[in-house]
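Going by the order they are written in, the chains are A, B, C and D; count residues from 1 in each one.
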Amino acid sequence: MRRACIIGASGVIGGELLRLLLGHNNVEVVCATSRRFAGEFIYRVHPNLRGFINLKFTQPSIDAVLKSESDVVFLALPHGESVKWVPKLVESGLLAIDLSADFRLKNPDDYVKWYHWPQPHPYPDLLKAAAYGLPELHRDEIKATKVIAVPGCMATASIVSLAPLVKGHLINNDFIVVDAKIASSGAGAEGTVLDYHWHRTHVVRPYQPVGHRHTAEIEQELSLLAGSQVNVAFTPHAVDMVRGIFVTGHARLSGSISEPDLWRAYRGMYGNERFIRIVKDKAGLAHYPSVKYVVGTNMVDVGFELDQRLNRVVVFSAIDNLIRGAAGQAIQSFNINQGFPEDEGLRFITPYPV
Amino acid sequence: MRRACIIGASGVIGGELLRLLLGHNNVEVVCATSRRFAGEFIYRVHPNLRGFINLKFTQPSIDAVLKSESDVVFLALPHGESVKWVPKLVESGLLAIDLSADFRLKNPDDYVKWYHWPQPHPYPDLLKAAAYGLPELHRDEIKATKVIAVPGCMATASIVSLAPLVKGHLINNDFIVVDAKIASSGAGAEGTVLDYHWHRTHVVRPYQPVGHRHTAEIEQELSLLAGSQVNVAFTPHAVDMVRGIFVTGHARLSGSISEPDLWRAYRGMYGNERFIRIVKDKAGLAHYPSVKYVVGTNMVDVGFELDQRLNRVVVFSAIDNLIRGAAGQAIQSFNINQGFPEDEGLRFITPYPV
Amino acid sequence: MRRACIIGASGVIGGELLRLLLGHNNVEVVCATSRRFAGEFIYRVHPNLRGFINLKFTQPSIDAVLKSESDVVFLALPHGESVKWVPKLVESGLLAIDLSADFRLKNPDDYVKWYHWPQPHPYPDLLKAAAYGLPELHRDEIKATKVIAVPGCMATASIVSLAPLVKGHLINNDFIVVDAKIASSGAGAEGTVLDYHWHRTHVVRPYQPVGHRHTAEIEQELSLLAGSQVNVAFTPHAVDMVRGIFVTGHARLSGSISEPDLWRAYRGMYGNERFIRIVKDKAGLAHYPSVKYVVGTNMVDVGFELDQRLNRVVVFSAIDNLIRGAAGQAIQSFNINQGFPEDEGLRFITPYPV
Amino acid sequence: MRRACIIGASGVIGGELLRLLLGHNNVEVVCATSRRFAGEFIYRVHPNLRGFINLKFTQPSIDAVLKSESDVVFLALPHGESVKWVPKLVESGLLAIDLSADFRLKNPDDYVKWYHWPQPHPYPDLLKAAAYGLPELHRDEIKATKVIAVPGCMATASIVSLAPLVKGHLINNDFIVVDAKIASSGAGAEGTVLDYHWHRTHVVRPYQPVGHRHTAEIEQELSLLAGSQVNVAFTPHAVDMVRGIFVTGHARLSGSISEPDLWRAYRGMYGNERFIRIVKDKAGLAHYPSVKYVVGTNMVDVGFELDQRLNRVVVFSAIDNLIRGAAGQAIQSFNINQGFPEDEGLRFITPYPV
């Protein structure tokens, strides 16, 4: 049994961590902090938890966390906040699982470039020691670290869909287009007027179409796999769904590549993965991935199609942004790190339709 | 371990039974029938199950069920079909859990009146022996029977919301208005043009506003509790949601009733129930029930409000129509019947938001 | 040509007034005020108007309105604000069309009771002189007044659906249930967290289920028609749609009433109305009203069904909350008052599907 | 006054033609055919038209059309059907406006390649004489023809968004990615199970991601503008909206191109167009196009963003698929051909929000 603390527990991702950890056989949640709602019952902010948890939110403080005798701390904080917590947690011997971007990028200068920090990341050694918590790519590092940087939601979907092609040198790396479609819950508990129902239903609109921060992670991870620089032209769009990310990757093939070549690349990399399905089927309802088939789970569904006319490939991936894109992937990495079954607390099948 | 067979497994409710039973620790699904899809992999019709089940649909036949050595048979068939199966299953000593209406009404003549059967129900003894599978009202009968008639989805929500008031004689029984709002998945896998997306999104439209069949069950169960005839003016509406039923009951109070009286009625009846929450809170996000807080679970959330100006009460309830309104309630009753923990296979917390 | 000014033009209703008046052949919009956006181009707040209007918002002030040489002023202000404007406008001889509740109730004390004003309405004479701007009920008064109080959106739908029954003494007036379903845009431009997309899609939840302010208008108008007190048990619900109100009325019949009696009541009252359709059809797609068939128009669709078993009637009505529930009805009344064709600027047919 | 006949009037596009032509000052609809609904009142199939039209559907036949003394025939038929009608209509001197694909492609062999016809188009001369009815590109040909081939909905959005870049030789033409997002109403009145509400809400799923037929039109028109072959990697996706198409184009710049260069290209081509808006704004709600701002109108909103890091450009366009993508564009071309004001019958402003 591990004692867990959630910092930033009143947000959408904090709520999802609470929900999932309540069903985890090896975890007891001992504290959940919220600056805004400290003193309030958790179920008043997360009404789905009514009847399942009687804890109240507490004020966030390192001292309180240490006193709570937690083994692991999940940080669901805004970017730029986690970096103030993680060094102290690690110093005290705790496992830090950070859902912000603060430890995702290996190059300290990238925080200046992509996150507009006034200076490079102040803890380059911790950056090196941190594992990029995408289990299918970094399982060994996740096992051996005290800092897990949970990938961005759109980065997760993008990297998983393209990794086999990049690793196998099957596509041109100088111009990979990633066109993402994202759900509303990604905006977190503090939205803007554009998150109101009447602005956000039945909509498609671009969101930071150039220079989106997740580009940095995607290029970092794909370049690592390729062994050379990969350029990703990344453009996300807000669409009408509450949960889910759908990523479409468009790339030119590097040579004469056949459909069996593509199958081999995907099967070779993901054939034994518990949380990745290759969805490509001529029969049945589902010919390709869809957010509808992954919502509520930690799955990544990937698929692809070859276009011989233009010697190009289109790849797809779908995830639940709050589970595989955040809380679920955090717990999957936690399980790996602690030696628990990788799917402990994550054995959900999508309630279809929902 | 019980061996289970699902008859009518390619429909929406059949799919939900499969999904839930795959996560049930005491059940093994050994057959799943579909006239239309016999021979096809189940995951091709229920794409959420891809990777979780390798069974194929088989043709429905009593012989095949008996050969399968099943202990329990879940029937997710259209009304009028189950009645052909259940007597034979019972004869062979199997437990029959029927999700159609064929064994819900106690009075054989009611099938003529409400379901337009050409003659009264042909198995009045089986009707008597069957339990109306609403566990919070009929737990003892469910334990002792071989035929469980799973209540209608809208009936479940309506009965649970009004039962404490009717049982406590707190309202006038001659004219109780039940205004229901229902999700699209209730239409099943075979919809009509009105179930298409563009007809069904952002819509409110009445659906069989007079004479809806669930009225019969609601009146039967409430009259039983009241000890006299209860009249229910039931009118459902199609609204834009995939899962969920929301029921609003409007009634006049029978005398001078206070809010604490109402609390006592609801707490007295449901205070210890695992799957019923009373949602009535001045603070927090959720002042009353909402489908958003029950989707994906077997919960019934109930609430109420007193209107002293008109000496009336408004009651609310919300359920997931496919779980508490069908597959989940079936499993809850199955658990009771078999002596398993009542929430085995049903320990979900709503993924909020979804 | 009339010169018009819109006070409170940056809100959702203000935007709808602008849109509709831009298409009105006898109106020129000469000013549009907004405290928050004064100085900003209107199309930056109402992106649909880009390319159609080059005006900027101005600060609201009586002096500016008078200087603008407006003939008519549309007030789309919060309740309690219009009352500060209307007396001065009337004094200056302008026509005031108020979309708030400030001049809807005839009894000055009702503002204390329903709107929690500290004292009765300060202008009882203006209340008397004001017309309740529901054209099908008050056409003559609308013609003759300088103050038009545009009805509440839910009140409009409720009154129109029940008026023929109440006027014809066909139902019991002591307990009429009105169960309303409302769209998100009614919340206006300043929503709360519960108006965010993820809280508001696929939802049904009650909203002020007891004591809602529109009850006062509904009872006032129905009592006027009945010649005696009518009691309305009014309970609205938030559902997933952007535009639209659907009202279901449940009542007991006052005696032995037949379906032809009901037809006569509705046809007698609305048979010649340009903006009211009776939707009750055994054939075709639409058996009853639906918000889908009125969105984008000034229509009220009404329908009904008789339940002989319980000697009750169910009535339905559907409107576009921003047009017939606000801006459109305001313009319809304006047209009547000014002697323009009643449908000038309002000749839209619902874009179906939308 | 022109007399118009609509062939295939019971479908979604047929209904939209009816609705728009009912508001056109120079058109009288004299016949509307439907094989399936002949003899039925039109408003029973298109409930939005109740009260606005009393015509019944008739059986489709050339003779009946000729007898109707129509001047213009709008064909809203499936691909492969119009080709049987158009030659005869032209022979009889009527104006044929074809909303299918049968006269869009100039190369007769392309019908074999993209539409799988068993042999090349049988009327190559008519193909040549037909105008591709995208008014902003082919206004003169539209004026002078008797056959107008209304462009595909996704083709319209794609071509308009990319035309200025291709015409100005600002991007590389060998690999232009067009990632489209489409509404459900595009499926027409005869959908499949995947068009049901529960499959189609809150979804993103690819739809014919390779080899989609609209690719042929897009490449034809862009190549014409470029003066050389343009390759378009086109992949559409079903998303949750009823009306609307959003197109995102991803391309590499052909050289050192600045933002003012891009502005010049778009303003130069579209600066005076009644139905095209360039939406690119740092202030206000709308920084880029969105389907929300064009629904219900004949507008095309276009926008773009420069990504200097990768020397690429992203372009956007949004249309209403049933108006600008079908019925509205047909009427715009009709107006041009007949010398009516180009916006006659099309002067709608988006009802926002809807």
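Going forward, a residue touches a chain if its C-beta (ideal position, glycine included) is under 8 Å from a C-beta of that chain, and two chains touch if they have at least 3 such contacts.
Computed from a prediction, not measured in an experiment: that's the story for all the values here.
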Practice task
Please identify each chain that touches subunit B as well as subunit C.
Solution key: A, D
Completion exercise
With centres defined as the mean of Cα atoms, the chain at greatest distance from subunit B is chain D
Practice task
Tell me which of A-D and B-D has more C-beta pairs in contact.
Solution key: A-D
Fill in the blank from the handout: Distance in whole angstrom between the CA centres of subunit C and subunit D is 36
Exercise for the section: Round to the nearest whole Å and give the separation of the Cα centres of subunit A and subunit D. Expected result: 38
Problem - subunit B and subunit D, separation of their C-alpha mean positions in angstrom - result: 46
Problem - Residues of subunit D touching at least two other chains - result: 12, 183, 185, 193, 198-199, 201-202, 240, 242-243, 285, 290, 292, 295, 353
Problem - subunit D - residues contacting subunit A, complex - result: 175, 177, 179, 181, 183, 193-194, 198-199, 201-206, 209-211, 231, 233, 235, 237, 239-244, 246, 248, 250, 252, 285, 288-292, 295, 305-307, 309-310, 312, 314, 316, 318, 353
Exercise for the section: Provide the residue numbers of subunit D that touch subunit B in the complex, in ascending order. Expected result: 12, 183-185, 187, 189, 191, 193, 195-202, 240, 242
Practice task
Note which residues of subunit D are touching subunit C in the complex, please.
Solution key: 12, 15-16, 19, 22-23, 40-41, 43-52, 185, 201-202, 242-243, 277, 279, 281, 283-286, 290, 292-293, 295-296, 299, 322-323, 347, 349-354
